[in-house]
Every structure is written in C-alpha cells, then in structure tokens.
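Read the structure below first, then the notes.
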C-alpha cells in the first residue's frame, strides 16, 4: 500500500496534463471572426447532430454518419477545408443542443431544429439561423388498428413526445385550443420516445412529419402506422450558429445557399468538374464563373477559399441530390419534395443571388 | 519500519541555545501561513470562475434573472399530484415535479426498507436455500448499474405487459401496460376494486408504469444495499444474545424481532441514512424512464427558457435540502433509539 | 455422498416449515431459470450483439486505427500475465508457495474456455478470433513462464515490475488518443466498453489522491482547510450525479475562458473524478478515524515530522482499513459511468441506445440490456474479488512482521 501510495501521483499528474486542454484556434483570413479562425486553426468543424434519426443524421454499423443534417455539416467542412470528412460529430439530445452551442462546445448545430422567434432573438436563445434546409410541419402518428383519425380521437390518451422540443409546446397549445385532455409522455431522446410508442405505451406519437415518416420506415411493419392528416404547426428545420458571430453565420448561410443555387443551375456532383473547366474556358459565362469562384473574390469576402462552391458540390452534390440521397426516392424514407422544391417549381427553396 | 531508515528520516536536531527558529518556521505562524495560502488559492479560483461566468453569460445575454419563473410554462405533465397545466407558470411546473420526486422518494424509502430488512434477515435464516437466495440477490443487484436496471424494468418488463382483459390480475390489484391499478376508496367512500370499462382499466388508485418502473428499480437496487446494512447490523450483535434467547425457548423469528433487531438498530441507522440519501438522489434517474420528476421538469424548463445557471441553482438547492431533511429525520430517529437504550 | 445428503437435509429440511419453504423456493427457481433459459436459447435473437460487437467494444473508433487498441490490449494482457506469475513465484513468507493453487487452475480454465467460446459466439471473423486466442495464449504463457522463472530473477528487476502499470497507463493514453507522433483520434470517437473503462479508470486514479487530500483537510486542525473540505464534500454529496454531469456539460463552458473548456468526454471524466473524490474522502476519513492517536504520538516521539508520520505511519494503516469502502466507491464509480449516456456520450449504454435505434435491431431491448448487465456484473464482481484478495494480502494478521 505504501508503495502504491507513493508511485500513484506522478503518472496521474501526467495523465491529467495529457487529458487537459483543447487546442486554441490559430489565425485565419482577413475576416474578423473568432469562431471562423478558431475552426480553421483547429482544422475540423464540430457539428452538433441528433445521431439517431434516419435520413437526417444516423450512425451506420461501420460508425460513419449520414443524412441530410450531416450533409450540411459536410458541406460546410468542404467549404472550409476542401474536405467533407473534417467534421467531428456530437450527438446532442434536444434538451442540451442550445447550451452546447451557446457555450462554444459546437460550431454548428445541424440537428433538425425549428427556427422560431424566441430561439433567434438576443433575449431568447440568441441563435443565428442559416437558410431553412427542410420545410416541415408537426404531425401525429397512430397505429392503424387504433382507428383514430382526428386529434379529438386522442382524448384522454397517452401521447409520446420528445421533451424540450417545439413539438412538446405545440402539442400543449393545440390540445388546449381543441379542449382535448391528454397525457403527454415525455422522453429525453427520440429513440426512447419511439421505443415507448412501439411498446404500446402511447396510442400516438407526435413530431415533425418528416421525422415520423423516417421513423416509420424503420418500424417492423411500417404499414400498420398512419400519419393523421392534421398538420399542427410550421416547422422550418434550420442549421444554427451563435448570434454573436456574424461572419461565421455568413459562412454557413452561403454554403447552404450554394447548395440551393447549384441545383438551380443544374450543377451536380457528377458534372461539377466539367462545368468548372467549361467556366474557366469561357469568359462569357460570367454568372457561373462568379459562382464557381473562377472570377471575383466571393470566397475571400467570406473568409473562405475562392473555389469553395465547387468543393462543396464535389463533396455532397447540390441540394436536390442531398435531398434525394437522404430522404427522397433513393432513400428508404421516400419523402416527397413537397414544399422543398425549387422556387421555380413552386417550392420554397430559394437562394439569393451570388453577386 | 527498520531502525536504519527512521534515523535517516529524523529531522535535524532543533537548534540549541539562544537562537530562536526563523519566524516562518515558528509553530504559531506556520498554520496561519498555510491557511492564508489555501484561502488565497480557493478565493482566486472562485473569482476566476465567477468572473468568467459573468463575462460569458453577459456576452450571451443570459445574466441571472428570475422573472421567467412566473411566465407560463407552455408544456404539460403526464402526472402530477399538484394541479398543473400548460397555462401555469414555470414555478408551478417545478413544484409539480418536486411533488413527483417526493412521491417516488417516499415510496422508494418505504419499499426498500421493507425489502432490505427482509433480505438482510434472510441472510440469518436456518434455511440454506433462503440464505443463498438472499446472497445472490444482493450480489447480482449491487453489481449492475441502477440506470441499466431502470431501463430494463421499463423497456423490457413494464412495456411488454399485456393490456386490457389480458392484464395480470390479483384480487384488488391489476397490472397492465397502461398502469398499476389498486383497489381503494372511490367517491362516496365506497370500496372499489379495479374494473374494465370499455377495454380500459379503472380504479381509485392508479400508478403509471413509468412511476411503477422507477419505484421498482429504486426499491430493488436500494433494497440490496439496505440488506447489507441490516446484515452487518445483525452480525454485530453478539452471538450470545441468540444463544440466550433460544435457550429461553424463543423461536428464530421472535428472537430476531424482539432481541436482535432492536440492538442491531443502533448500528443499522447510520448506514440507512447514507442509503436513504443516495436513494433520494438516484430518483433523478427518473428522466430515463419518462417519469416527470423534478429533474426532468427542470431539464425541460432549461430548454424552453435557456436559463441554465438559474435552473441548476434551483436543482442543487432542492436536492441539498432534501438530503438535509432526510439526515435530520434519521438523526432524530437515531437519538430516539439511543435514549431507549439507556 | 452421505454427508452431502445429511448436509442438504440439515440446510433445507430441518423443520417442516423449512421444508415447505424449500420446496416452494425450489419450484419457483426452477420455473424462473427454465423460463430464462428457454428465452435465451430459443426466443432471443442474439444477432444484435454479434453484428454490433465492434460498436459495443470501441464505439466509432476508426477501423484503420484499431491496431492501437489491439497493441494496448496485448500489452495489458502481457503485464497481467507477468504480474500474476510473479505473485505466485514470490509467495508470502507464511504460506508454502504453491505454483498453481486451485484458484489459478480454475481461472486459467475459465479464461481458456472464454477465449474459445466468446469469439465463436460473437461470430467474429477468423482473423480476429485468432487474435483473441493469441491474447489468451500470451496471458497463460507469461503466467507460466513468470511463475516458473520468476523466483530466480534479480531483485532489482523485480522492483521495477510494479512500475510497468503506471507506465502502461500513460502508454495507453497515448495509444488511444494519439499524440507523440501517433495520429490523433478525437475523444468523441471513443465509445463503448473502451470509453466506459477509460472514464472509470481515469476517475478512479485521479479521485484517489484528491480524496485523500480532502479527507486530511477535513480532519485538519486548521479551520479554513477543514471548512473548505467540509463544504466541498457535503456540496458534492448533496447533489445527484446527473445534475453535476449536466452542469459539467452545460455550464463548464461558461466558467472557463472561451474555447479553453476541455473536450466533452474529458469534462464528464473530470466531473466523475470530482464527484467520486468527495465520496472517497469519506471512506478515507473513516479509515483515518480508525488509526489510534497513540500511533501518531509514537511516531512523533520517534522524531518523525508531522508529514513523515502521516506518510509512513498513519496513511498506510488508514488506507488499509478504508480499502473495502474505497473499492465499494470504485465499483459504484464504474457503474456511474452509465450516466454518461444521459448526456449523449456513447459509452456502453449510450452505444446500446444507438444500436437499438437502428431499424434492423428495433425492440431488441432485452438481449442488449441483459448482455450489458452481464458485462457490468463481471467487471464489478472482479473488482470486488480483487479487493478481497488485496485485503487478505495486506491484513497485518497474516503478514508476518519483517
């Protein structure tokens, strides 16, 4: 014991030192942004995601992340470093996500988060929102066998909901409006919520409709569950950064816009290389040249490499590709584009001009 | 200690003659120097942390305020013995959560004490099988994390219970997926048992399965620790007491109840205090099984308001007071036992 | 045979009441065990464990870097075999040194059985199975070699052997996290059993000195020191661990200058450490209280300074008395790592929750939770057994004075 007591402290101290501090950020470009230079100095982007939601962010058996939210992170990493894999993912549950962002724990929150006034405002959660990447609405799913077709049918029944979400508040509001008594069963994480629903503890589960559809595909018998026609709310799912760093928010905003714009211009992962070559060869394609960074200094204005757009598109493809791959026809979710079509096709996806 | 090394370790002989030791080695000064140094370090650390906190919070626009407590919460709770709905302010929600926590703690205390005492007594049974079972119970339960046990009870046991007419039925008690139904006094002071109404069980007393799972987990986990405390207490009673009682013709159980347990209680009570406090704190794991205890409500509140520091201050204050309350009660009980002894 | 029957009768059927109880208990036990066995062998679908065994073991640790973990495991296994053999080669003075006591033979048999059965049951690929066999062979081989040759090794070399462990711990840190020329693997990619063991061992090692200091502080005659220790200990012991962990995750960032807060995983490990230190302090304090004042007085009268008396006389005795309570704390610390899953870290339980969210394995709660329970039970029971063995070794009644 004596010997033990004597030789313990030294290695402990060393271990403590090793474990110690995270690296500080280095210096970046001419743009004054603490966050941007910190991220660039670190060499990786720290991105907060859900981690357990098929289609949006999900860990496969090989340990890699995939999904629409994940592709936003990858796109930003590609814009910053030219490498979409330089991302560190943090699985966050809905109750800890804002604190993680506010304390500087994560650089970017891409976790199916609804944009609201109180979350945006400085007096509220003080977030800064990028363009919405998925327009959604809150829905309710019930087992077909329950025979419930309206919200009124849920009177007196237990409803499963994830705590700390706008969903929880919307549910309370809507049910109060309709004067329908109900029992909200709240869980910390989505997986527990759906486990309780599938276990038959609640006769309904409520969440964003896309999330419900995504989860339904993973059920043993997807056809045994139906989404009620009621849409309880608007849920614009949007990546967010902190309010206090505008240049960093700009980087995220315009990376997302680049995804939208690329789809509008017909640039894809497959043709981006040829398109860049084309733009370089042909000085008349001014719009395309500016967009791809062949001409002008849009990248530099943001504090990014001049050719950040081609890097982003080469890494994840345009918005349409991202959508189709993760939640659209090429995925098990098979969601309709709906409101998430390009504005030219009557949807809400719209990028301000790159000029 | 070999003599050679001890002579090496001895300090240089104290200075003889008139020269007093330098002031910094004066025995009256050294303690104050040490204290001043420690105090300075502690103060500096606290000042550093608080300074950062205030700076970072004001940068994030989140300086301490308590006004949000009276704003409407906007969320509902599944169960509460204090009336609460989404239109009521946050402090009412936290109060409802506290009431739920107290309910779980009190239920857990009673259940774990009963189970633990039985299991602790079983360790002294003349029946080898019972002794063995008590041992296995303690060894199995103590070596598996409580959180794992809780999610096991909830997701594996309670959520696979049958519903409706297929539910487990005992006289006066029905256990179904929708909850645990117990007979009791209904309106008009009529004794009423659980009964099916349109495929849904009804009874005067209904516990949700979330609460039942939390309670089961807490009772079984703490019961194992209490069993060890009780066993230790009984083992501390001299063997002669058993022998004397049995030579008087008292039976095993009577001996235990009348002779041994009262004496063991003095050893048991301090140990019980520790277990009770940890049970009270463990009740915060309710969040893993969807029960709206204080901690779970606080977490929701934190998320809806973004007031992390304030919410934590409330949480820490409440749990600390709960612990102090339990300690005070147990100390009182302890004194009662000691007085009876004299 | 006859004596066994007699014993059974005495234990189970001494009185009619006992007999009834025994029969009822036996019937209940048979039913329960039968049900469990039927479920485990017939109904349960263990594919969820087989398919995700890597996730459970190391989480999302990059596959191309996993050789480092294999290297670390072999180093650990080698050191364990060496220490084990040397312990047997140098038995205590009062015992005749059996090279292969019965316990050891049982342990080796168990290990060999596990090494063959487990890789097969997990459906691991041939290469990985072979590695496990190699590890088992390494352990048993070194145990055999050190047990045989250890007695004749030079004492100077033997003195260095205990140093292998702290060295190995530091090497392990580097191997796992990277640095010193090894590629970095960020803590957010550690997971599963690796993260569980790492955070537990980190907290156990660091809370020990902290706890001893706090205990000494609490018994100090200097009021400021005493009150600071008391306030710290009681504050920590008054708060549920989960609130402290969330505090660590959500408020730590506010308490330090921007960007200086350590990684999430380390933050949780530090919170665990600070938490456990308060409890450990209480265990050590009870040990200190058990050392008679005469011991200090005797040491002081021999001319030892206060610090020396503490180091050479008081602490060794106090720690020996406090050992069972301390190990109890370590065991609960290991169990407390499951709470990391509630703050979104992917330790064993966190990984389990991710796995069960995977559409393929939805609703496999029972299989996963039972596996985890068995795993935790083995780890905790092993810690308990080890502590009892250490207690016996350190017991002054069995150690002859030298």
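By letter and in written order, the chains are A, B and C; residue numbering begins at 1 in each of them.
Just so we're on the same page, a residue touches a chain if its C-beta (ideal position, glycine included) is under 8 Å from a C-beta of that chain, and two chains touch if they have at least 3 such contacts.
Since the model is a prediction, treat every value here as computed from it, not as a measurement.
Trainee: Any chains in contact with both subunit A and subunit C?
Mentor: Looking at subunit C and subunit A together, the chains touching each of them are B.
Trainee: Counting C-beta pairs in contact, which comes out ahead: B-C or A-B?
Mentor: B-C
Trainee: For subunit B, which other chain has the most distant CA centre?
Mentor: A
Trainee: Distance from the CA centroid of subunit A to that of subunit B, rounded to the nearest Å?
Mentor: Taking the average C-alpha coordinate of subunit A and of subunit B, the gap between them is 39 Å.
Trainee: Between subunit B and subunit C, what's the gap in Å when you average each chain's C-alpha atoms?
Mentor: The computed centroid separation for subunit B versus subunit C comes out at 24 Å.
Trainee: Residues touching two or more other chains, restricted to subunit C: which are they?
Mentor: Touching at least two other chains: 246, 250-251, 253-254, 258, 312, 342, 365.
Trainee: Give the residues of subunit B touching no fewer than two other chains, as numbers and ranges.
Mentor: Residues 56, 60, 155, 287-288, 299, 302, 308.
Trainee: Touching at least two other chains at once: which residues of subunit A meet that condition?
Mentor: 96, 99, 102-103, 188, 192, 195, 199
Trainee: Within the complex, which stretch of subunit B touches subunit C?
Mentor: Subunit B reaches subunit C through residues 1, 6, 9-11, 31, 34-35, 38-39, 42, 49, 52-53, 56-57, 60, 126-130, 133, 139-140, 142-149, 151-152, 155-156, 277, 281-282, 284-285, 287-288, 295, 299, 302, 308-309, 312, 315-316, 319-320, 323-324.
Trainee: Along subunit B, where are the residues that touch subunit A in the complex?
Mentor: 56, 59-62, 74-79, 85-87, 155, 159-160, 163, 177-178, 209-210, 287-288, 290, 292, 296, 299-300, 302-304, 306, 308
Trainee: Write out the stretch or stretches of subunit A touching subunit C in their complex.
Mentor: The touching residues are 1-3, 5, 7-12, 14-16, 18-22, 24-25, 34, 38, 44, 51-52, 54, 59, 61-64, 88-93, 96, 99-100, 102-105, 188-192, 194-195, 198-199, 217-220, 332.
Trainee: Under the stated contact criterion, what part of subunit A meets subunit B in this complex?
Mentor: Contact set of subunit A toward subunit B: 94-96, 98-99, 102-103, 122-126, 158, 163-164, 168-169, 171-173, 175-176, 182-188, 192, 195-196, 199-201, 242, 244.
Trainee: Quick one: which bits of subunit C touch subunit A in the complex? Just the residue numbers, please.
Mentor: 51-52, 54-55, 59-63, 162-163, 166-167, 169-170, 173-174, 177, 179, 186, 188-189, 202, 205-206, 208-209, 246, 249-254, 258-264, 266, 269, 311-312, 315-316, 319-320, 342-344, 346, 353-354, 356-359, 362-363, 365, 394
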